[in-house]
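One chain, subunit A, links the two complexes that follow: it is found with subunit B in the first and with subunit C in the second.
And then the complex of A and B:
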């Protein structure tokens, strides 16, 4: 969006308080949603719970096409529709709710860097495993993605999505990687996160920030989603402080509902 | 001689001959009959492959249209047409195969394969349809029947970021596989400015029983009566109506619903801008009716009589209609009541121009009445062009 449009949108956003009927849209939980979308959606839900903002989760078959940017999840607040964690954080900031106000500039830059790391490594690895690994794509991703549609549309949409993701992977240089290399990358990313977390409860000491929400979203989803092999979950389980971090956030912020 | 003339017209109608000449001569030669006639048809065939190239400029869009046609592909007047349109905004193409039954041109089969995109600013919606269809036409007594199967992959999206949420909820893909049947009786003496006769067309479409996601039963009808009055003026009454019944508890899709309003239906209102709407985007309705009463007269003082002036008419009109969603749980009485409340209507006068034998241009001065909150009106001068007018 242009600067003028962004400024206008934050003016409009700041004008109204957070309504009771804010809704978050994602694909169907049982049959349709895939690992990467589930992780992103959980990250946004965790962030909103950490801010204390109520939001209802609604599952729609066409959530991906309803979203203005084509990505899951998106929230419908008042008159506005905002998708993806980054813009949602900006949006809530314009309404006066923020988790990272207490950070100084150095910490904020560090937080942004770690969030980029998670997006570039973990999210890309999830997409790779879902769509570029033939076994997972054939057994899990394509059937789930196309489950709401009838033949032949289901085949067309599933293959279209697969080609799109594979083209993107080739463009960013992941096309030539093997599954082992991807698992290694995930391990390294987890090691970096584990080292930063150390023995603290959250990444930036006492208070959770959007980085905590993002890491929780991805790690918890990977740990609790059934894939063709448990290799990915095992790699994460080897970092015990990350495990207890996930458990802690689940117990603190999600005690009233079963997430997955 | 009359039969020779009829035969000539039938040969021309096949669309494969550029010219047909009839020569009638007394029969000569060894097997000549006394008082016999030799009738010879001299035909010039159209080229085997014809192409066309057009550029079109429209509402903020320019496009290049390429057409290819084989008028007589397999020797029995089968036609194969391919059209490709490449525009600044959208690309569309279509391939069509037409086969008439030899000897009975009215019985024919058409197979189509197409991709069409459309933008509907009144609903902030854009739609891309990719589909195949098979259509069978045949006459039965006085009526003309059409049976069609159509399979369409529809992709809906928001035209602008500011589209209302109700339209945003309709975005996505769906598959419609539908069987439809149309019966029409047309006794008018012309399609554009008929001075007598009537037209009745009833169409029904059943989707969902041959696969696909969309599942509904759709009925609509069109009735037009014409009668000549004093002094070359013609009184014309028309009535349209339709109903969409979603099957299986699903909600109807915005691409299947009916729309009302505009220079080709209830004049005086904006294009398709009557009925249920959300934040300025018109969502269409599941049931509608529309009626029109027109008085067509030749131009005052009849300029250009016998030539150019005959293409024009002045007309005075009265249009009315309603579009709404029905609650299918209630009985038919409640439905009629709902369709009868909040009627929109308009009256006015204008000039109509005939284009060929298919289309019309209109320039009207309209006064809309019965406007409900949410409708968009176009009072004053309204211009319309199209094929099918109320």
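And then the complex of A and C:
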């Protein structure tokens, strides 16, 4: 969002405490939501739980269109609407809740860099597998994305979204990659995350940060989502410390409800 | 020993071995790893094997275009600048490269291709001057449209246009990214100790064009210059690994300054002006003679005796011509 709007929002946000009726909107869990959106939504939910902020998850068919930036998920707090993990982190910071205050400058630089790594590689790989792999797109993505709509709107919207994602892949240079290469990139990314995590409970030792929430969101979703092939989940399972990391966060922050 | 691979890349200017970020990344990595490459510095992307630059043509006649693919290929050939890195440092490299691609690259695209003053005064002028005829007429415009579309897709906004709002946002992200890089570099010579790695190549490739090019709207450049360790990092790499390019451009700059004027720098200006005037005069005279507007008559003695009576002379000459012709 623009700088002026952001400054205004921070001012407004700082004025009020976190209300009880904050809601998070996402597409329908059972039929409509796709892997990448589910991962982003879970990351935000994990982050808010780590901050101790209560939020209600509401599923709406047109969540994508309601969102101010067009991306899932978005939260409705008081009289403000904020979408995507980055702006939500800043929003909660303006309200006085932050997970990364205890980090020094070098650690904060590393945290931001690793968050970009997840966005750049994992999220892009998820989008690629969903929309650029013909088998997955035909069997899973297009039917799910267009399930709430009737013919011919469902066909039009599904193909429009697919075309849009494919153009983006071409623009960033992923258009020419094969599925094998994409799996390799995911492995590399997981290896980097695994190296960074090491034997610590969280990425920055004792306390979880937004990076932990983001990594948890993506990895947990990939491990628990059914795709046309299990290759992606297998690649992640080969890193045992990442598996125990996901399990730890699930048990600590999500023990009261079943996530997926 | 097999023949070295061929690398096609953009020409250099402003003291850099190449003007394009991707080409600089590949060139820097090749220097760091000591890979022998046959360099083809061209300014015509249509002459490259893949239609775009940089492009590496390997011994097996395979063509690679993405910088990451080229680096992986060089690593497989045992030219590995990341050999000494620990596992954690390798992971950090990947993370910081992603950070630059997400935060710094959009600002670079904007600064060189979308911002109107920069594009017209620097980028389009450079590419039009260096590309051969007739590509210089349409290719810079086409490249600009491609870069605008790329920026639109990266930001997810189909109706993105150049403007102050967008500029502030992009430059703010880029400034933050540069600050983070500066914090990570600290006071060491390279990012991971004393020998450069692939992360150093990527950082150099992204920051060197900002530092060295003469952008009219130089906000990014000012911010980069305020970060001393990054500035020294870039100049250090240029001195150590690309000494020839720095010196060549220095001598070019000196001769051009003696001819005066930055924007009107054309070699052999006077001679060209004189030749153009001569050609124009010659064209006008030959047209005049061929259509008969002017004719040279050998009647010098008559003109000297009588006072000039134009009408008489005219009719007299006509009679003479009819008699001769």
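Here is the rule we go by: the second predicted complex is superposed on the first by the 256 of 260 C-alpha atoms of A that agree within 3 Å, B and C clash if a C-alpha of one lies under 4 Å from a C-alpha of the other, contacts with A are read in each partner's own complex, and residues count from 1 in each chain.
Convention: contacts are C-beta pairs under 8 Å (C-beta built on N, C-alpha and C of every residue); 3 or more make two chains touch, one makes a residue touch a chain.
Everything quoted here is computed from the prediction, not taken from an experiment.
Q: More residues of subunit A are touched by which chain, subunit B or subunit C?
A: C
Q: According to the stated criteria, A:189 is in contact with first (subunit B), second (subunit C), both, or neither; which is it?
A: After superposing on A, A:189 lies in contact with subunit C but is clear of subunit B.
Q: What is the contact status of A:110 with respect to subunit B (first) and subunit C (second): first, second, both, or neither?
A: Once the two structures are laid over each other on A, A:110 reaches subunit C alone.
Q: Pick one for A:48: touches subunit B only (first), subunit C only (second), both, or neither.
A: After superposition on chain A, A:48 lies in contact with neither partner.
Q: Give one of first, second, both or neither to describe whether A:66 is in contact with subunit B, with subunit C, with both, or with none.
A: In the superposition, A:66 contacts subunit B only.
Q: Of the two partner chains, subunit B (first) and subunit C (second), which one does A:132 touch, if any: first, second, both, or neither?
A: In the superposed model, A:132 contacts neither subunit B nor subunit C.
Q: Based on the superposed arrangement, let me know which partner A:168 touches: subunit B (first), subunit C (second), both, or neither?
A: After superposing on A, A:168 lies in contact with subunit C but is clear of subunit B.
Q: Touching subunit B in one complex and subunit C in the other: list those residues of subunit A.
A: In the superposed arrangement, which is not itself an observed complex, subunit A uses no residue for both subunit B and subunit C.
Q: Taking the complex as given, what residues does subunit B use to touch subunit A?
A: These residues of subunit B touch subunit A: 153, 156-158, 161, 165, 168-169, 171-175, 211-213.
Q: Tell me, which parts of subunit A touch subunit B in their complex?
A: So the residues of subunit A touching subunit B come out as 60-62, 64-66, 68, 76, 81, 149-153, 156-157.
Q: For the complex, give me every residue of subunit A touching subunit C.
A: So the residues of subunit A in touch with subunit C come to 2-3, 69-71, 105-106, 108-110, 112-114, 116-117, 119-121, 167-168, 171-173, 176, 188-189, 191-193, 195-196, 198.
Q: Taking the touch rule as given, give the residues of subunit C at its contact with subunit A in the complex, in rising order.
A: Residue list for subunit C touching subunit A: 65-66, 87-88, 90-92, 94-96, 98-99, 101-103, 149-150, 153-154, 156, 165, 168-169, 172, 180-181, 183-184.
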